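Multiple structures are listed underneath, in structure tokens.
Note that subunit A is present in both complexes that follow, paired respectively with subunit B and with subunit C.
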Partner chain A sequence: MPLIQYWRVLPRPLRIVAGRLIMIVPQMFGVMLVTFLLVRLLPGDPALLMLGNMATEEQIIALREKLGLNLSVYEQFMQYAGNVMHGDLGVSPFTSNPVVVDLLERAPATLELITYAMLLTILIGVAFAVISVIRPKGAIDYGSRVYGLAAGAIPDFWVGLLLIYFFFYVLGWAPAPFGRVDALVTPPPTVTGFYTIDSLLAGDLNAFFSAVGRLLLPVLTLAIVNAGALMKMTKTVFADAYRSDFIRHQRACGLSERTIVRSALRNSLPPIITLVGFLFGFLLGAAVLVETIFSWGGLGQYAVQAVINSDYAALQGFVLVAAAFILVVYLVVDILYELADPRIKV
Partner chain B sequence: MSMTISTNQEAPLLVARDLSVKFDGADKPALDNVSFSLHRNEVLGIVGETGSGKSVLARALMNLLSENGRITAGDVLLDNQSILGMDDNELRRLRGGRLALIGTNAKSLLDPVETVGSQIVRVLRAHRGGSKRAAWREAVDMLSKVGIVNPERRARAYPHELSGGMAQRVVIAMAMITSPQVVLADDATLGLDATIQVQVLDLLVNRCRELGLGAIIITHDLGIVAHFCDKVAIMREGRIVEIGPVGKFLSGPTQAYSAELLEAAKVRPTPVVREARETSPDVKRTALLDVSNLVKHFPIPGTNEVVRAVDDVSFSLARGETLALVGESGSGKTTIGQCLVRLLTTTAGRVTFDGEDLTGMSEREFRQRRRRIQMVFQEPYVALNPRWSVANLIGEPLALLSAAGSVNKTKRIRELLDAVQLPVRLADAYPHELTAGEQKRVGIARALATRPDFVVFDEPTTALDIRVRAQIIDLVRDLQAEMGLSALFITHDLNSVRSLAHAVSVMRHGKILEYGPTETIFASPQEEYTKTLLKAELPIEQSQVQRERAERMLVGEMR
Partner chain C sequence: MKNNGIVLEFLRRPSAVIGLTILALQIIAVIFAPMIAPYSPIEADPFASLEAPSVAHWLGTDVSGMDIFSRIVYATRINLLISITAVIVAFAIGVPLGLLIGYYRGLLSATVMRLFDFIQSFPVFVLGMALVSVMGQEIWNVAIVLAVLFIPMFARLIRAEVLSLRERPFISAARCSGATDLAIMFRHILPNAMTPAIVQISISIGMAILLTAGLSFVGAGVRMPTPEWGLMVSIGAQQMILGVWWVALFPGLAIVLAVLCFALLGDAAREVADPTARRR
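Coming up: the complex of A and B.
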């Protein structure tokens, strides 16, 4: 009882964050259970599957021993959980690197790509939606309608190829679509894994501009494809808010148009936050085609390779990282959502 | 007094000259040659039924019509300056700065995700600039001036945490904070209970008089006009039918329509015969509903305190009897109603219905009883699914009855439409296509669909036009007589209590203060609070103060 009383007197934002953070523990446990079962549930002998048809009897027995397959399921899970806690996700037989090393190299590449893509998506989607609502029948309004129709229909790899054709091949404005920095530029020392940030931290402007240049086209590709959905939804929500009674009243109170737009946008935030969170989580794996076109060396490519090669350790690692990432994104979404709307009870 | 005399010789503050407004696609103009003038220190009442163009007028005066509306002719002059010739920036400063609008349903007028204090600050700074800190102090100060207790804390509240009356005061504070020249109150007290209505209007009119502002009160309550206004304009179909001093209008309206309106408002229905008591003394004593020591607490977020919304309330209700619960908003009336139909769980106490204890029942057991216990919700439009047709809405509760074939269902929907006097052609209409009165009727039909024994009516007559309100009262009276319904009637409309309820419980702060037969309570109230409540009912005749004021103004004009 006294515990509940402490809880009630906490300020609302603190209760929101604390409540969500506590939930992350069982959720993470669930994720580990699922990735563990992912391999155990495959038909046949995991050791055989992992080693392939060419494996010798001794190798299989050795791997079974190593994987602890002769232990009970409960013990196996404890062992797996223990390994994960220590950052041991096994070794990929194809890259012969520990999976953790591979993931640590590739995850930042994808994260950098989709983070900037998301920021640009929000900028394009929200700006177009707002302008087309407050200036109906203007050029932006008509343009955004055409775009809204087209955006759902064009595949991302095609947009990527078009951009490469025009901006790299025809106009020569963009750098070649090969990786995250120019081959002649040394990547900055890893701090965050984001080349744009690391190069600035290292004071290496050359690497910075090279990284930004390489990011331009793939980020633009992802933003163009995904901003359409965000724009359409924002438009609906924002138009409702913009025509509501309280906005009319604000206008009757003589507030400036800027204040009014901001207030209407502030009121349309909750669904926007949800969709952005969803898109962000979705892009982690869905950016794979764009990654491939731009030889990005990201997570999506790694996962596809792992599937093609039946590389179970790598796949397991990818699923774990992806699930943890999505958990974090949704955690942030939930927290922002409740902060954005004071009417939600915590 | 000398001021009153001098002001009337000045040029009028606000003039509407042959103002006409048309909406795209409408055959008839929404406003048709409307002319009037408003002086400093004058209160003009504009009266009309829904659709008469009162609200359009208010918006046209600020040059703030919705996209498809245009001022086709005429002009509006504020201090001899035409508002039609103003550029965007001048208009922005006019709205809220010189001409402030106080709208209906204050809760929907406030930004739901901002604290009310910062919303007032926003308005003040839009017109006068200044630091946030100073503006916040002024906002808190203004909140206390409009009668909000604990303004420091309330300023940090969000709109959904306020009651309707409190939200209305916030909107008034928003209008007053810029010290405008003219205040437009568009049905500003609609839906508030009588005591609050009088307080809010007293406050509004007194502030206007203190500062020498002009005020326009748009309403459909002639009691308000009689009590607060100097001049009255009667509107119908976009035209001003009659305009003149209030005293003159009340003693003898010159037009047939205004006379009819005045007559309809003056009607005081006689109380219903107390059939339940008359039939047989044995039947009447079996209580259908018995509530004993009901308690409902709500936790206050951010603290460990609770609001005692219902604080140890007991009453009982005989078969065929109607009990009215009256009191200010926040007195716990609606909470009791919602506890009875189990929309809220009770904190303590017992509710016995037809001999069975409802409070101890599981949700599943209670579902069986829902057929017999129904509720008519306060805001009909909010309570109806906007995507369902009337027939579906009325048909939905029929699913609670076990044997309802589709043929039977259609027949029953017809019957229900008849019972609430809705034309059959409305069966396919959607809620937004209905008028407020028709929506109320659909709400009532939904509640009656399962032939309940007991119905909770939550504010069935609020926010309705005078003539529609009278019709709803008649409807409920007929239903009581025909179906022998027992009802709990939650309201602050004392006039309808007199014509509908057998007994009255007066509530305040979650407790029942006074209980008794309707006639007794109205004739000789015991509690001081009940007397205040009864006094807040505005009679349709001018008060002494207003009469004297009118005489002074007349003298002034003649000099």
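Coming up: the complex of A and C.
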């Protein structure tokens, strides 16, 4: 009983965060189980396949030992889980680095890409949704309907290629789609790993503009494809709020349209937060394709290389990190959702 | 009589008409591919590499001189085959599974739901890519992987319906009159729970087409020289920077049309199935 009393005394935000943090332990465990089974699906000897054809006899025996291939499946899983928790995801035979090192090196590139893509997606999606609800049957309402239908049908990799064709080849406005900064510009010293932020911190405007230029097309690609879904769903949620009784009351009281829109948006915030969380998952998947087109050198391109080289240690590591990232995003989303909706009891 | 009404209601919608038109075109392409395509879809012609669209090659040729129009027509077979098979398999497994875990709510059902949670906590494309690459890049493996990824979706839809239906009076009535669990599940609950899952079929086929194309694009799907839309776009990707637009543009358009077709049909089906969910 006393424990529960302590719980009740805690401030609400703290209770929300603590409650969610406990949930993530079994979830992580489940994710590890799936990535473990993933490599178990390999036909043949996983040790041989993970090491590649160049492996020596001793290496194979050592890895078999480490993977515990002669143990029972349960013991094998415990061993794998133990390795993961010590940050050991194996060694990639192609980069000959530990997979963890490879992933950490490439993570900022992908994070920078999807963060900016997320911001632009929210901006486009929410803006179009709001305008088409408050001005029904207008040009933007009609346009957004067509866009919403089309955006769900367009493959992101194809949009990226079309953007490259128009903005790089035809118009010459965008820089070449090779990497995160111009080949002649030295990347800024790493602080956050985001080139746009690091270059500003280093006071290197040259690198900053180069990094921004390189970001434009991939970010635009991701936003164009994903904003449609966000827009459609935001429209539904926002339209409900906009037509509800309290908005009618506000209008009757003579509040300005601006205030009304703002309070309708505030009330449709919780579902939008959930959608944004899901979008992060989509963006991470889409980043795999877009990074390939723009030679971005992030996690996605690493994963594609792993697929092409049959580099299963790297692939398994990437899948695990991707899922863990999504779990953390969902965690943050759940916490924000509960913070944004005071009606939810904790 | 009642069914006729639904079909008419469906056909009255412009989205259904456009969707069905595109679908008809695709079916024609699938059946009559050898007659429509002027060239072989897999034969390279080194002397006709990267030719722009012309009378001889309507949509141009790719880097190895294969006719793009012919390949797009033949690719309809592969792309529709993979996507439709995957969705049918997912539907056939997901629906009974959802019925069972909705009807029996024991430890096993809870475990299956947690398993779905884990599968769905991975980004779909990432998990699909890893699974195909681990299982081997064969056409059938792509279909199997997509089916596995879609099973939780169908099972969840059915389960949600079953959960609300099983508390309804007509189910109690059936139970009182001595109906067995099996009869209640399949005769009384299932027919009433199917609608959302059936509507989802069309939309899922569109998603499957996009995923298949994406997987082939990154090299985790169908391989050369098999004609497949995503693979064709990836072959044109390098030339796009050099201004050769037709190699990647046209197969991409084929993807857009195909996905749009199933999305429109799905939208129309949803509106007919659920008149309260009319367009806002």
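Note that in this section the second predicted complex is superposed on the first by the 292 of 346 C-alpha atoms of A that agree within 3 Å, B and C clash if a C-alpha of one lies under 4 Å from a C-alpha of the other, contacts with A are read in each partner's own complex, and residues count from 1 in each chain.
Simple rule for what comes next: contacts are C-beta pairs under 8 Å (C-beta built on N, C-alpha and C of every residue); 3 or more make two chains touch, one makes a residue touch a chain.
In this text, all values refer to a predicted model and were calculated from it rather than measured experimentally.
S.K.: Have a look at where A:D341 lands relative to subunit B and subunit C in the superposition and call it first, second, both or neither.
M.R.: first
S.K.: Could you tell me if A:L149 is touching subunit B, subunit C, both of them or neither one (first, second, both, neither)?
M.R.: second
S.K.: Once the structures are superposed on A, label A:R12 by its partner contacts, choosing first (subunit B), second (subunit C), both or neither.
M.R.: Touch partner of A:R12: subunit B, not subunit C.
S.K.: For A:H249 in the superposed arrangement: first (subunit B), second (subunit C), both or neither?
M.R.: first
S.K.: In this superposed model, does subunit C or subunit B come into contact with more residues of subunit A?
M.R.: Greater contact footprint in residues on subunit A: C.
S.K.: Once the shared chain is lined up, is A:I308 touching subunit B (first), subunit C (second), both, or neither of them?
M.R.: Touch status of A:I308: second partner only.
S.K.: Note which residues of subunit A are touching subunit B in the complex, please.
M.R.: Touch residues, subunit A against subunit B: 5, 8-12, 244-246, 248-256, 259, 263, 266-267, 340-343, 345-346.
S.K.: Once bound in the complex, which stretches of subunit C touch subunit A?
M.R.: Going by the criterion above, the answer is residues 114-115, 117-119, 121-127, 129-131, 133-136, 206, 210, 213-214, 217-220, 230, 233-234, 236-237, 240-243, 245, 248-249, 252, 255-256, 259-260, 263-264, 267, 280.
S.K.: Please give the residue numbers of subunit A that touch subunit C in the complex, ascending.
M.R.: 27, 30-31, 33-34, 38-39, 41-43, 149-150, 152-158, 161-162, 164-165, 168-170, 176-177, 235-236, 239, 281-282, 284-286, 288-289, 292-293, 303-304, 306-308, 310, 312, 315-316, 318-319, 322-323, 326-327, 330
S.K.: In the complex of these two chains, what residues of subunit B are touching subunit A?
M.R.: 59, 62, 64, 92-97, 100-101, 103, 105, 108-114, 122-123, 126-127, 158, 160, 171, 174-175, 178, 299, 301-304
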